[in-house]
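Per-chain residue numbering starts at 1, and chain names A, B, C, D and E are given in the order in which the chains are listed.
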Amino acid sequence: PKTDFKVAWSIYVGWMPWGYASDTGIVKKWADKYGLTIEVTQFNDYVESINQYTAGSYDAVTLTNMDGLSIPAAGGVDTTAVIVGDFSAGNDAVLLKGPGTLADIKGRDVNLVEFSVSHYLLARALDSVGMTEQDVKVINTADPDMVGAFQTPDVTAMVTWNPMVAEIAALPDATKVFDSAQIPGEIIDLMVANTEVLADNPDFGKALAGIWYETATLMTADTPEGAAARAAMGAASGTDQAGFESQMAATKLFDKPGDAVAFTTSPDLPKTMDLVRGFLFDKGLLGSGAPSADVIGIEMPGGVVLGDAANIKLRFSDTYMKLAADGAL
Amino acid sequence: MTALSIENVWKEYGDQIVLENLTLEIAPRSFVALVGPSGCGKTTLLRMLLGQEQPTRGRILLDGTPLPPEPGPDRGVVYQRYSVFPHLTVLGNVMLGPELQANRLTGRSFGAARRALADQAREMIAAVGLAGAEAKYPAQLSGGMQQRLALAQALMMKPRVLLLDEPFGALDPGIRTEIHHLMKRLWNELPMTVVMVTHDLREAFTLGTRIVALDRTRSRPEELLRYGATVTKDIAIWPPRVAGRATLYDTEHPQAQDDLTAFASPAGTTRQTPSLI
Amino acid sequence: MRLINQRLSPGAGAVLKTLPFVALVLAYLLGSALRLAENPNDKLLPALTTLADAIDRMAFTADPRSGAYLFWTDTLASLGRLAAGLGLATLIALLVGMAVGMLPVLRALLAPFIGFVSMVPPLALLPVLFIVMGLGETSKITLIVIGVAPIMVRDLAQKVLDLPREQIVKAETLSASTWLIGLRVVLPQVLPRLLTALRLQLGPAFLFLIAAEAISADSGLGYRIFLVRRYLSMDVIFPYVAWITLLAALADYGLDRLRRKLFPWSELEGAR
Amino acid sequence: MRLINQRLSPGAGAVLKTLPFVALVLAYLLGSALRLAENPNDKLLPALTTLADAIDRMAFTADPRSGAYLFWTDTLASLGRLAAGLGLATLIALLVGMAVGMLPVLRALLAPFIGFVSMVPPLALLPVLFIVMGLGETSKITLIVIGVAPIMVRDLAQKVLDLPREQIVKAETLSASTWLIGLRVVLPQVLPRLLTALRLQLGPAFLFLIAAEAISADSGLGYRIFLVRRYLSMDVIFPYVAWITLLAALADYGLDRLRRKLFPWSELEGAR
Amino acid sequence: MTALSIENVWKEYGDQIVLENLTLEIAPRSFVALVGPSGCGKTTLLRMLLGQEQPTRGRILLDGTPLPPEPGPDRGVVYQRYSVFPHLTVLGNVMLGPELQANRLTGRSFGAARRALADQAREMIAAVGLAGAEAKYPAQLSGGMQQRLALAQALMMKPRVLLLDEPFGALDPGIRTEIHHLMKRLWNELPMTVVMVTHDLREAFTLGTRIVALDRTRSRPEELLRYGATVTKDIAIWPPRVAGRATLYDTEHPQAQDDLTAFASPAGTTRQTPSLI
């Protein structure tokens, strides 16, 4: 069978462990253990990493629950979430220029990466104050330029994620009016793999889980090694240890497999995914001809299925996290 | 009436001395043919007469007044190439000078002024034998026609001095003979002094009233840089040719002559056998 | 007979000409069929019908959200930016290029600086540009101008310098001032080259346009491509890319025709 | 005296030349001071000391993580890609350009297609490229090649076509075959132009390099710029941009010197 | 010994008939001077002799065999311009032909073969008067030197037919005279037939053994397209000039002659007064 696997990851606080694990030999250690080779590739451009995965160039990729549904799943690639790594608890935020509250966003231009989790966050934020997207105007803006963009006069409202949120919040006239801590557990960062590949090679899933939990444990440890790991990840993401730790603070990282299993099997997950697919359907991102949000089936552990059970393309699996929790890797 | 005095002129480019202590008096209405080996400084001298270059030492006077330091409408020029503007038609080229002179802002004439000028230009075009080609662009003309055009363009300004730098060097012999006749006629008819550089002795003798040869007096390689050229021969044509008066040898309707005969009998003979080149 | 001496009949030429295009289309169809056989939802190389659907949806069906025909809105937005950027760059190239080419003082002052500026990678300076210019149309147009103007200026200045010195002197003997030389001798002779320089910069201009629209916009060809790239909608991207290519080729052809029409003398042998 | 006739002493020329650069630096310092006075943490126009710190950190302090000197690692990575991409493009331009320029059959077959391909905006095709080529160095190098080769091929083919037909016939009367004409008549005469074409494509090549590195890389000048752009670390971006500019200018100058050195005849008046 | 037969040759470009039913027998060792007005098809005829163009109708024979359809080493050519390779030195240009002929893969000779060839080339260079300029590039030579170089290059192939298309048209008269003498000597010494296009009748009479004039027989504008040029005059020089034998008028050491005298006395006279151009 297949023994060579390719994993793509992109620069984001919750995914930095993958790069660190690759640099420090943790990946090789786990791959060797199962007799595999795993090539880990870093992407600067998140969307490109998902596209590559969707097109079949990669066996696994890091992405959010929402993008997992709208890109590979909607593109017909049956995808399984192997690891639920973290969820955003403040990493994504709505920011206004000058003082004010969320309600003041009405009528403004909002700069964000269209169709990204920022867009979703905005929709949830507006919902929370009884507005809809009709009340604002969305302007697509590339994520690396958010910090610069916020300082231009014509930008008055913005939705983005870390590290840009931290940079912008530090500017004198920025106000954070809503963040993902207010919708906990809805923006989830995953390591997903091609379902077929995974079914044929369960060892690949095990190796991924092994890598993740070893690295996550290391980086959350309050030890010199842990500090060194955080410093290294900070440097790799273009900041330093302190900057990286502040990003971690806005992230609920599942360093213990048991927590992740609990999260994945909780009844909140189907609710979240229902909200997400509703949003995507509204935006026409589940396929241009999609008659309803039900066209794509989403499977949760325990046989819970949202949408068309005959067309399941996105699966949340607790198999590998459970193995990790049981120390069976 | 436009005498040129070149007084003790030196020209150096950096270390290289090109012209050395050149003195020359050019009488009004002369037609001076300037000959000399390649690189001896003929073009440089012409450039100084034009005002495009300044002498390193010495001075040049036009009717007793020092030359202005840049080219102007009192001195016309025709080069071997690049003398006409490729983006203007024949008529446009000939009208350009007066148009520029009359309209310092737009450089264009309009209405009646333009029509009057166009008539004048057409006359000049006819005078140089280009009638019928008014609407053509230079690139559509043969080399000989282009040089006629350049002459017409320069003559529209009624320059006091006309400077010619090998104007007919690139032309075929037959065409050259024709244009020599034209040149002679124009010089006879218009009140100007002409200085013409040429490599062609025959041409010099056909057209000039006086032939001035430039050359280096020392020519050992190690001396080339340190010694410039100066006047080595200065020959007046005999019998003297005088502007406006026909000489013994200048026929009235030269176009009728056979080319070969024209070749065989140079129109002017000299008092002194030349062995310049 | 030597290969270099071969001559083709016009018919054979026409056939040969179309071969690579046909091959390209066939390769696409084959690749698409293969991938779709494996995964019917594959998005990388959509089938022709999918492409047709996408074109119909983008160009001939009003967007339910805004009521606009997105394809045409995008085209208009992009062409507007492109026209403004290239127009401005052309104007700058003409004025600065002519001034630098003609006037020794300005040349000494600006030529090295322009050479330096033309080497700066404009994309890397985008953040500064955005903050100085704002996120609106200005910054997109400015990016195009910054990207193409220095090269056009150098090109034009060189063209002015290439004019035979004899012409300038001749104009002076025809009583022209510096201004009149510029107006009646230099300007008309560099205009054809300006159009050619413009043609050469069409490709880079489209590149900068797409880059700028990818960064911040709410319509435009580049905006749409980068937006739908988020979900790998190659069924939209391919038609857009083909359309951009066609627009660029048309502009290229049109500018060349325009030059020939406006400046017939520039076509004559030896006029350059 | 007319402005166009003014002449400058070498001293005045040197002073004028540096003025715009001095002005640029002064403007930067002033802008920086103003912004920092308002907000001492402003990152857009960092103070000189901050820039110096950043340079020291990137170029002269080993990265604690990898022990590498990032600035030099980035430079090496980028230059390697650039050299590979431009080298390949040059080779393609030489082979295809000469073949298309010389052989009527190939010209009929490929010239229109190459013209078409040179109009395709490569950035828009990035996703396909990455999927076909994978993400390693190949795709970055390929982007550079796709971006610059078609234009170089056209340029070279045109240069071949511009060779006087008389030369080809003359070579045939000297018993040359097509191959020998290519080898001894065409090749040596297009090589100088090849170097010039390469120089003209330095700017675009850097552009494509930066764009490719922005998408997937773990080192490189463009990678670094895009990485720190999220933090608006202009203290790193400015030195990197200056460095890229300098590298491009040096390459430009070096290639021109190389051409003069290798092909002295191409410098002689009238040899083109 | 290399006779050329042009038999009933027509040449048409699309609708335009350029040459019409041209028949011409050229004897071995002739020196044919081809004259005629611009655009009458002289270059076209030369191109067909070269094999660069094919006749539309009729055929051309070289010693009774039809011409191969492309240029080859048996027919050499010198054009007015572009006849030498700017990227090769004088020596490189002259060596090129034999090098190509001997090395079909690399096009270069090495070692002893190269040295032998270089010696041969140096002799040829000296023969055309370019000794000392071996290491120069063509752009460093004057026009006359470039044409000598082109001759040397062509002659290295020992062509049976040498075709010259206005080879000396762009040269100054003095230089032209010199190169005429060279040409005459080469033609005398080497076993080749020469066809030379020229605009200059004097040149034709100086060098040719026979002068062929092409022209259209009908020249009304509406006829221009439908009727081509053909042979209108065919004059043998008298007294006959024969390759390898000095005639009455051809001096042995012509370089010593004074330029002006050379101009004044055409070297060949004709039985018939020419009025061709």
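As a working rule, a residue touches a chain if its C-beta (ideal position, glycine included) is under 8 Å from a C-beta of that chain, and two chains touch if they have at least 3 such contacts.
This is a predicted model, so every value here is computed, not measured.
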Common touching chains of chain E and chain A: C, D
Chain pair whose interface holds the most contacting C-beta pairs: C-D
Farthest chain relative to chain B (centres taken as mean CA coordinates): A
Distance between chain centroids, defined by C-alpha means - chain C, chain D (Å): 18
Inter-centroid spacing, chain E versus chain B (mean Cα positions, whole Å): 35
Chain A and chain B, separation of their C-alpha mean positions in angstrom: 83
CA centroid of chain D to CA centroid of chain E, Å: 48
Touching two or more other chains - residue numbers and ranges from chain A: 51, 55-56, 145, 147-148, 151
Contacts with two or more other chains, residues of chain B listed in rising order: 70
For chain C, residues that touch 2 or more chains besides their own: 2, 5, 44, 127-128, 131, 172, 177, 229, 232
Chain D residues within the chain A interface of the complex: 39, 41, 43-44, 63-66, 126-127, 130-131, 134-135, 213-218, 223, 226-233
In the complex with chain D, residue positions of chain A that touch it: 8, 11, 19, 23, 41-45, 48-49, 51-52, 55-57, 143-148, 151, 163-164, 167, 170, 172, 231-232, 235-239, 243
Interfacial residue positions of chain E with respect to chain C in the complex: 69-70
Complex contacts: residues of chain C adjacent to chain B: 164, 166-167, 169-177, 179-180, 183-185, 188-189, 263-266, 268-272
Chain A residues within the chain C interface of the complex: 47, 50-51, 54-56, 67, 70-71, 74-77, 111, 114-116, 137-142, 145, 147-149, 151-155, 285, 288-289
